[in-house]
Amino acid sequence: MAQAINEALDIALASDERVVVIGEDVGTTGGVFRVTDGLQQRYGAERVVDAPVAESGIVGAAFGMAVGGLRPIAEIQFLGFAYPAYDQIVSHVGRIRNRSNHRFTAPLVIRIPFGGGVGAAEHHSESSEAIFAHTPGVKVVVPATPYAAKGMLLAAVDDPDPVVFLEPIRMYRALKQEVPEGRYTLPLGKAEVVREGSDLVIVAYGAMVREAQRAADVLATEGISAGVLDLRSLSPVDEDAVVAAARRSGRVVVVTESHRTAGMASEVAAVVQERALYSLLAPVERVTGWDTVVPLKRTERFYVPGPERIAHAARRTMEG
Amino acid sequence: MAQAINEALDIALASDERVVVIGEDVGTTGGVFRVTDGLQQRYGAERVVDAPVAESGIVGAAFGMAVGGLRPIAEIQFLGFAYPAYDQIVSHVGRIRNRSNHRFTAPLVIRIPFGGGVGAAEHHSESSEAIFAHTPGVKVVVPATPYAAKGMLLAAVDDPDPVVFLEPIRMYRALKQEVPEGRYTLPLGKAEVVREGSDLVIVAYGAMVREAQRAADVLATEGISAGVLDLRSLSPVDEDAVVAAARRSGRVVVVTESHRTAGMASEVAAVVQERALYSLLAPVERVTGWDTVVPLKRTERFYVPGPERIAHAARRTMEG
Amino acid sequence: MEMIRLLDVDGTLMGDAPIDPEETRRLFVAMLTGRAYDAKCTAMQKQGRLATYAPFEGQEAAQIGSAAALRPDDWLVATYRDAAAMWFQGYPWVNLLLGRMGDERGGFAPEGVNVLPSSITVGAHLIHAVGLGWSERLQGSDRIALTLFGDGATSEGDFHEAMNFAGVFATPTVFVCQNNGFAISMPVERQTAAEHLADKAVGYGMPGTLVDGNDLFAMIAVVGDAVARARNGEGPTFIEAVTYRLGPHTTTDDAGRYRNDEVVAEWRRRDPVDRVRTYLRAADAWDESWESEIAAAAAAEIEAAVAEAEALEPLEPSAMFDRMFAQPTSALDRQRSALRRDGALDA
Amino acid sequence: MEMIRLLDVDGTLMGDAPIDPEETRRLFVAMLTGRAYDAKCTAMQKQGRLATYAPFEGQEAAQIGSAAALRPDDWLVATYRDAAAMWFQGYPWVNLLLGRMGDERGGFAPEGVNVLPSSITVGAHLIHAVGLGWSERLQGSDRIALTLFGDGATSEGDFHEAMNFAGVFATPTVFVCQNNGFAISMPVERQTAAEHLADKAVGYGMPGTLVDGNDLFAMIAVVGDAVARARNGEGPTFIEAVTYRLGPHTTTDDAGRYRNDEVVAEWRRRDPVDRVRTYLRAADAWDESWESEIAAAAAAEIEAAVAEAEALEPLEPSAMFDRMFAQPTSALDRQRSALRRDGALDA
């Protein structure tokens, strides 16, 4: 996926003079995940900008650039370090259009690697995307595959409004997938059915989509047909797709590694019961990270959902 | 309520040397809402500290004081200005116990006025409590009455862990209620049944409790018996109380002025369908603020839920 | 550090005037017009016709002096207290009034006016001016961005990050801090241990200037130099304009709780408008009748704006959903229907 | 601004030594022990026995010199790269190792050791040191708080707010910035337009000192003075210790991408440990056999800590719920049951 994102950034920089990349270590080193590798060499330090360690400054400056007519793509090194920039995002990035009644807009993209499963140090496994989904005025999307990453990032750059683009760290080097050459875009705000299933649907996004598919494989061996819906967009949630999937089977498992309380799983469960209550054969099962700090390497696997936990929840819905 | 909170602060300062109050304009002027009125005069500028305009600094310094053995009560002037302090809260205040495996703790209280309905300027009507409820390691509570405010604040000061104490701005001068003299505490983490009802239950908190009661009055005139449950605690949510209320009537309306997506209403709906699905006679109705910036004075009333919107949702559950 | 002053408190000129009498008269009119707006708003707020209002009386020279140094197409990024500067840079009175009335339509500045709606979050907007100036440079324009903020803003982390970025990337940004003595109730002496706010500039490798903010001429000279530096690609400048907020923090503030009247009276003697009047009179460029003329014109201008704002058709509630994105999201469309269905019931 | 140096690069003493040979030998041992730990961790990480590791080779004088100026009960608030300083102030090697192994039990410093677990968020911890020192003063103690951070941290807004609070409230805080040349790949020259990071102090009304961070004596003298000022209630001090990170940012970093070996080689010639050795040798307080002795002892000490850490019984997964609050909330108890029920399935 890192490669696909790099391609998207390359295409964006090449095709639009207004595109600027800014973040910590994005230039000389090509980013701590090498996602911006080679871009500064190709497009120069004026357009691929190494910024001081100041997240609020990075987002705030990118915001100003966007209002001024550029198309900045800001990178925050890890989601755990995005909090200092949260005020800029909630108070200004997501509001300038409203505040100026459309006179000024902030078409910027904020790229943020997120999520656990790699045994990283504290703050490096955050999955607090619900906070951004709860923030008015910004779209929040999460690719699960290289293909989606490239198409969604190019769509995000084209979008006339701010987009928070969350990149699952675990998937950067996972999934060697053929990605179409050149430019293509995928619609923002739409979920994707990645697997059909008649007994139940597993709703997931980001790195959890792969876990959901693994769970579906396990379930298949038991004769349980589980579909998988990749949300792709957390704000807005593609309610129609979620509700349609829920109605089809009447059983829903929603998976996220974010904390449980007021997380994305709660939103999906709320939507399903709101619009598909009478089709439900069992409660929507929330498989989530816990309301704890993400544990460090030695016990992290007890926090991040995996196939068995998902399958177990799925089996419960079958009993319902 | 402002008076009740002032009393609680007075009692806390008087009874415990370790209690310190710090915030913007909390001293000389007694706070923009006069909640800390007279305290600096009584306890001195060393214990009731006027801080520079720096929210991260206020919370970070209070955090250090708490780790150092004090019992700081930090005030953020408005919830809309708490975002610069969010990194300190999520990255340190809520984590030091986990990070140090209980060696260090941060028993501080962060008081924050919040909510709309008073036609305030931008940023002064925020209701983003879900973000704090989604934050591990901090308890989040909201009083709806002067009585609750005093007892819960004193409990928060006694609590060995950090508490975010949200004060509904609309209620500061509303409800002239007799409050017991002297010290008393109310348990944190417990919801309160404020009105019994056999047909449905309205779950609310903060200023919305009063709106829920008004809605219940309206419904009563139509022969609909609506109970009202005051959540009081957003983290943790008193699930047992919510589920019990849901089971009793099978109909639930949950009210919040926070944004809809991934907000507190979604959490309550998710819990209800999870644990009381088979008792539900209708979908849990979410009556919320919208996923927009809180509108300014001229159209704010179309954003903040009121009795009629709540009653209307309640009637829908009766049809279900 | 020495404070730059060109017009003495008693109005006598020290050194050369940076502008001629004609231009001085034009700016005098502007200051008077700003003051008329300020008085009107305070009055309207008392009548309940405006929400909370933040008066700028006493800061007219700092604001008009800053805006006067700009080119019409330069960016201005200012606060809730900077109506005079915003207006002088092209932001109409009616827009400013609508904002105060709680009507989002006020936020729409006319095309070509590069003034952001006033920023309420203390400190956060400085970096916006950095990004705006930066974007102009990358687009090959020589527009610059000037940001106005208060003494209180210098305590925020965002002040630091904005100053540092401006220094590191040498952006065409002019930072004008109106040190008006207070952040609500906090006197500036208790906001920092530094002798002057201007002392902070060296930590960012940029020039820091201390100027009498109640001296129109000094403001024009100092801000003018900073704007020229920025436009010539010589980078940012930090300016501490020492002034004083004669009124309360806002119409809901009781300044009596944290300052005594003698100090206020002393500052009234340093009034920025009186100072220019005295100068003009001495230069035979002022007389009673002219002032009453322009005062009447100013009053009429403000009244017209008020009438226009109050005559505007009601704001469509569902516009709140349209203001969020170029195209409302599916979530917002659903919520709009919900509002249609029952949201208006409480209205 | 002039850089304070007492031991020249070649080890010759300029001026008076702040400590006697015996104490110098003790600190030399400490620096060697730190270096042994550093080498061991880098090796273990390659073997997959540790998660990412952040080497501090080259910064031993800055870290030991800072910690040596503290009283055993003073507070130390440091970063992921400051293991040597933390250990010297009483934080056991085994705790530091456990943290790197991804085991939260490492965070529990022994009672009486006032060292916070290392802070990973750049810049955020400085204000904690301000609050800690402040709390000591309010409790009538003369303990002070010293915080270590890097050049990169000076770009964060939290640096600014911490420095400002320390200045305004004159807290007993010592700010020691280890300017090791880089914030990951960002050279310090591109992090600020100021000539020196120490230039930032004046903006906060506190003394700022520039010191050779590879000079143990200079560190002890300069930090010692700052600690004394803090303890005497004279307020905070900012110290820029100029040093160099000889290793990569972390074990996953490829420093070759952003710096060339000549510069690194040049800095190796300014090695802080060699400098003290040369000095001791000249003072007849060093010989080959003694160094091999202490080197062996250091190695043994580290090996023992590694053995202890690796021998620790497995970490109970459900402890994650217990670590959040004094008493787990109802939500955490429910989640613990869910983990019991099926959470372990993927383990």
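Note that the chains are named A, B, C and D in the order they appear, and that numbering of residues resets to 1 at the start of each chain.
As a convention for this text, a contact is a pair of C-beta atoms (placed from the backbone, for glycine too) under 8 Å apart; a residue touches a chain by one contact, two chains touch by 3 or more.
These numbers come from a predicted model, not from an experiment.
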Farthest chain from chain B by C-alpha centroid distance is chain D
Chain centres from averaged Cα atoms put chain B and chain D apart, in whole Å, by 40
Separation of the C-alpha centres, chain C versus chain D, in whole Å, is 45
Chain-centre distance (mean CA atoms) for chain B and chain C, in whole Å, is 35
In chain B, the residues touching two or more other chains are 52, 54, 56-57, 80, 84, 87, 91, 98-99, 122-123, 136-137, 235-237, 261, 291-293
Touching two or more other chains in chain D are residues 104, 121, 124, 155-158, 161, 164, 168, 190-192, 320, 323-324, 329, 331-332
Contact graph of the chains (line, ring, star, complete, other): complete
Touching chain A in the complex, chain B uses residues 56, 80, 83-84, 86-87, 90-91, 94-95, 98-99, 122-123, 128, 130-131, 133-137, 235-237, 258-259, 261-267, 269-275, 277, 280, 282-286, 291-293, 320
Interface with chain B, chain C side, in the complex: residues 51-52, 80, 99, 101-104, 120-124, 152-153, 155-158, 183-186, 190-192, 252-254, 257-258, 314-315, 317-321, 323-324, 329, 331-332, 335, 339, 341-347
Contacts from chain C onto chain D in the complex sit at residues 155-161, 164, 167-168, 170, 190-195, 199-206, 235
The chain B residues in contact with chain C across the complex are 24-25, 27-30, 32, 50, 52-54, 56-57, 80-81, 84, 119-124, 260-261, 290-293, 295-303, 305-309, 312-313
Listed in rising order, the residues of chain D that touch chain B in the complex are 75, 104-109, 111, 116-117, 119, 121, 124-125, 127-136, 138-139, 145, 157-158, 161-162, 164-165, 168-169, 320, 323-326, 329-332, 334
